[in-house]
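Since the structure comes first, as structure tokens, the remarks are kept for the end.
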Amino acid sequence: MMTGQTATPDRALVRIDTEHCKGCDLCVVACPHRNLRLSSGYNRSGYHPVEFHYRGDRGECTACGLCYWVCPDYAITEVAKLRP
Amino acid sequence: MKAEVIVAGHGGQGVLELANWLAYFHLRRGRHVAYTPSYGPETRGGKVKCYVVVSDETIDSPIVEAPDLLIVMNTPSMDYLPLLKPGGNLLVNSSLVKDARRRTDVAVTEIPAVEIAAGLREFGPTQGTDTSIAANSVMLGAALAATHEAPEHLPEEVEEVFRHFLTGRKTAFIPLNLHAVEAGAAFVARAGVLAAT
Amino acid sequence: MSDDREFLKGNEALAYGALHAGLNAFYGYPITPSSEIPETLATEFGQGNFPEFRSFLQAASELEAINMVNGSAATGAKTMTATSGPGFSLKQEGISYAAGIGLPILVVNVNRAGPGLGNLGPEQSDYFQATRGGGHGGYRAIVLAPDSVQEMAAFPSLGFSLAFRYRTPVVILADAFLGQLKEDLVFPQVSTSSFDTSWAATGARGDQRHVLASLHLELDDQSLATHKLHAKYAEIARQEQRYEELESDGAQVVIVAYGICARLARRAVRSLRARSVPVGLFRPITLSPFPNQGIEKLIGQGVRNFLVVELNMGQMVQDVRLAVNGRAQVSSLGQVGGLIPGTEELVRAAEAMVG
Amino acid sequence: MIENEGTLYETKLGPLPTLTSKPTHYCAGCEHGTLTHLIASALQDLGVRERAVLVNSVGCSVLAPDYLNVDAVEAPHGRAPAVMAGIKRARPDLLVFSIQGDGDAASIGLLELMYAANRGDPMTIFLVNNATYGMTGGQMAPTTPIGMVTTTTPRGRDLALTGPPIDASKLVASFERPAYVRRVFLPVTPTPSTEFFNARGALEGALAVRHAFEVQERGGFAFVEFVSTCSVNWKMSVLDSKRYAARVLAPLFPEGVLRDRFLLESA
């Protein structure tokens, strides 16, 4: 079983409920910076849940929220940005 | 007191109104009443028959199988004559029905209701109104006479009945209908003895 | 005799009876011989004489009407619809949902003749459909059978109180004769106490939610729900059987009839009793639950012959046979097509059964 | 405000009390889930949870009350607009809405939808148009494109046999009274880059959902159709179903505001 929460080191935080995730890929392809990917592990339902992964080549997470809005399982439970 | 009545005619003759008025008159006299209209998809020209039962007691069945009084407004409605109780009253609109005397065990009163109503021209709501439409009220007057209603308050009571049913634009027809009732009752009184009901 | 009496058609009396009972909402689709019910209500709607009457609509179909009924009932409103056979068939979908969900609704069926389009005359051929739960899923409705214009006026109030007490559909099964019959009546005094509507869907409060549904995807859940529903029906059967007797003391033969047939039977019974023929009348007022308790009592009194008179080819006779359970002879006398049996026919049939 | 490993963040988007914690039964990548989230968000933002009543219709959204933390009333297949009309007429203070499928709204329940639209009853209807019967296993829907293979059109939908697909939004907009009629293409949309998909549909959907509730609050009939996918019954991968929807459904059911009597003030 996996529990989900990953954050960028600097500008934003994305909280993921990996048990709700069905590994559909929508947030992965919607993220403008490709900062999400499906993990190699499994959740209790047998899906590869999404995880935050900063590749460093397209830019940091800006807390744009697209992953939050497209997720059909509202598994992206929270998107926060660094306090100014 | 108990009376079972069938009123029959064709759509447009005011058969349902006549039966309604008759029933309501008796309701106002403190009796139980039941009125059953015939009904169907047609509103004009079809065969119309209704039952009226009036009684001082609770009414068991509103269905009239053997009437004490049969009111016939047109010739086809003579078909109901065999139902009339021996000794009962047949009131016939003789303006339309010509061969009413088919049974000798009932009292037959022939009332030229259309002609009587047509003669009430002066009581029409406007000049030139064809007052023959009040033939049903003529028959109502005849029916009240035939059921031996105490006549002393009759005009007032009948007026109350009309006030109940003829509202709005129709109030203009109340005087005509009142005169028609009186004319019908008077005609029966002149015509002589009716069978006891 | 009190003279605040009215003179109304059965359909009109039922409409006013519903208004006096605090009707909040009505949805229907016109069909003869029940149309005076929506017509009467439309006349009163918005006129201020019945301020609780908040919603009236002629729907696009019977299906739309019954689902509007369910919607208003889901908010706890006293809601009614009225129809006749063909429309009652269409309404079965919504009645099944109301039974499954637990919605208190009042459905009036002014029974006309025949399967299909049939004709406009009186019949009681929707008896099975009404008493067996005419839709899918094995539910029952409470079915009330008036036999006079006075009862047409009184039963909406009784219907609402039963519907809300048990959160179940209640059917008033009249017939075309009663719908069109005009009699003198007095509007009964109706208690204005309001019903428990804490279950209604009127918005969630904190953790308190109202989800009104009949869907139970888990087999165990559905089983449990159905058992609960039928425990309710058993309770209704214990508490709510209603019937009337006439001249049943010392009767050898008892005519069983409801609706307009009960009126015919009254006349037949009085005519027989006038000749000292021991015949009585048993009139079920609740067709569902069927008043087995009353039949049981008559069996206990020694009645061994029942004559069931109906405007159909023999439907309630099955319930009488079930109640009698082999302990008495049960005969059936039916008339259909909008025709009504004559008093003589009843008299002869009953007299033939007297030993 | 949340703290993560010593760093302080302010929440931009967070969990919604208008959602239950129950995982949905929707298939992976299904827009039904996305729409559920959009609705929950709008209900939360507008602060109307205590007045909201969901009418759950038959189809995949029949279980919506398991996910949306509001009052709910079940409707038979196709009858949600009638049930909503009943609720609204008895209790005009409530906010009623339904999530209907294409079969529910445009086939078995077309009459109920048309009459509610014609009367302009204040209510909010969300139509999920995925061109197939999802819950019953992929049969032909009123919106199935000509040629599309379903379990009841195994050789492709035949125009001569079934007629063309029905455009529910156009039908609703053909009436005078509806106040808001809009079609949104909800799936993520492929971009020229094979790696990325555009998520504009969800953002526009969020605005449309919110406006559809506001329209009802102002006494109007609001209808929003969401062109969606059904990868399982279309027998495609999730992303291929988005590509198919963009290629086939988007031209057939073009996006747009067909009617907006109150304009998109909230946008």
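A, B, C and D are the chain letters, set down in written order, and residue numbers restart from 1 in every chain.
What we mean here is this: contacts are C-beta pairs under 8 Å (C-beta built on N, C-alpha and C of every residue); 3 or more make two chains touch, one makes a residue touch a chain.
On a predicted model such as this, the values are computed, not experimentally measured, just so you know.
Judged by contacting C-beta pairs, the busier of the interfaces A-D and B-C is A-D.
Separation between the centroids of subunit A and subunit D, computed from CA atoms only, is 25 Å. Rounded to a whole number, the gap between the C-alpha centres of subunit A and subunit C is 60 angstrom. Centroid to centroid, with C-alpha atoms defining each point, subunit A and subunit B lie 88 Å apart. A separation of 35 Å divides the Cα centre of subunit B from that of subunit C. The set of subunit D residues touching two or more other chains is empty.
Of all residues in subunit B, none touches 2 or more other chains. Counting partner chains per residue, subunit C shows two or more touched chains at no residue at all. Taken as a contact graph, the chains are arranged in an open line, each linked only to its neighbours along the path. All chain pairs that count as touching, in label order, are A-D, B-C, C-D. Residues 49-53, 55-56, 62-63, 65, 69-76, 79, 82-91, 94, 111-112, 114-115 of subunit D are the ones that touch subunit C when the two sit in their complex. On the subunit D side of its complex with subunit A, the touching residues are 1-2, 4-5, 7-16, 19, 23-24, 26-34, 36-38, 40, 188, 195-199, 202-203, 206, 238-239. On the subunit C side of its complex with subunit B, the touching residues are 1, 3, 5, 7, 32-33, 120, 177, 180-184, 260, 263-264, 266-267, 270, 340, 342-344.
Taken together, the subunit B residues at the contact with subunit C in this complex read 20, 23-24, 27, 30, 32-37, 39-41, 59-63, 65. By the touch criterion stated above, subunit C contacts subunit D in their complex at residues 24-25, 27, 54-55, 57, 59-61, 63-65, 67-75, 77, 79, 93-94, 97, 101, 201-205, 209-215, 217.
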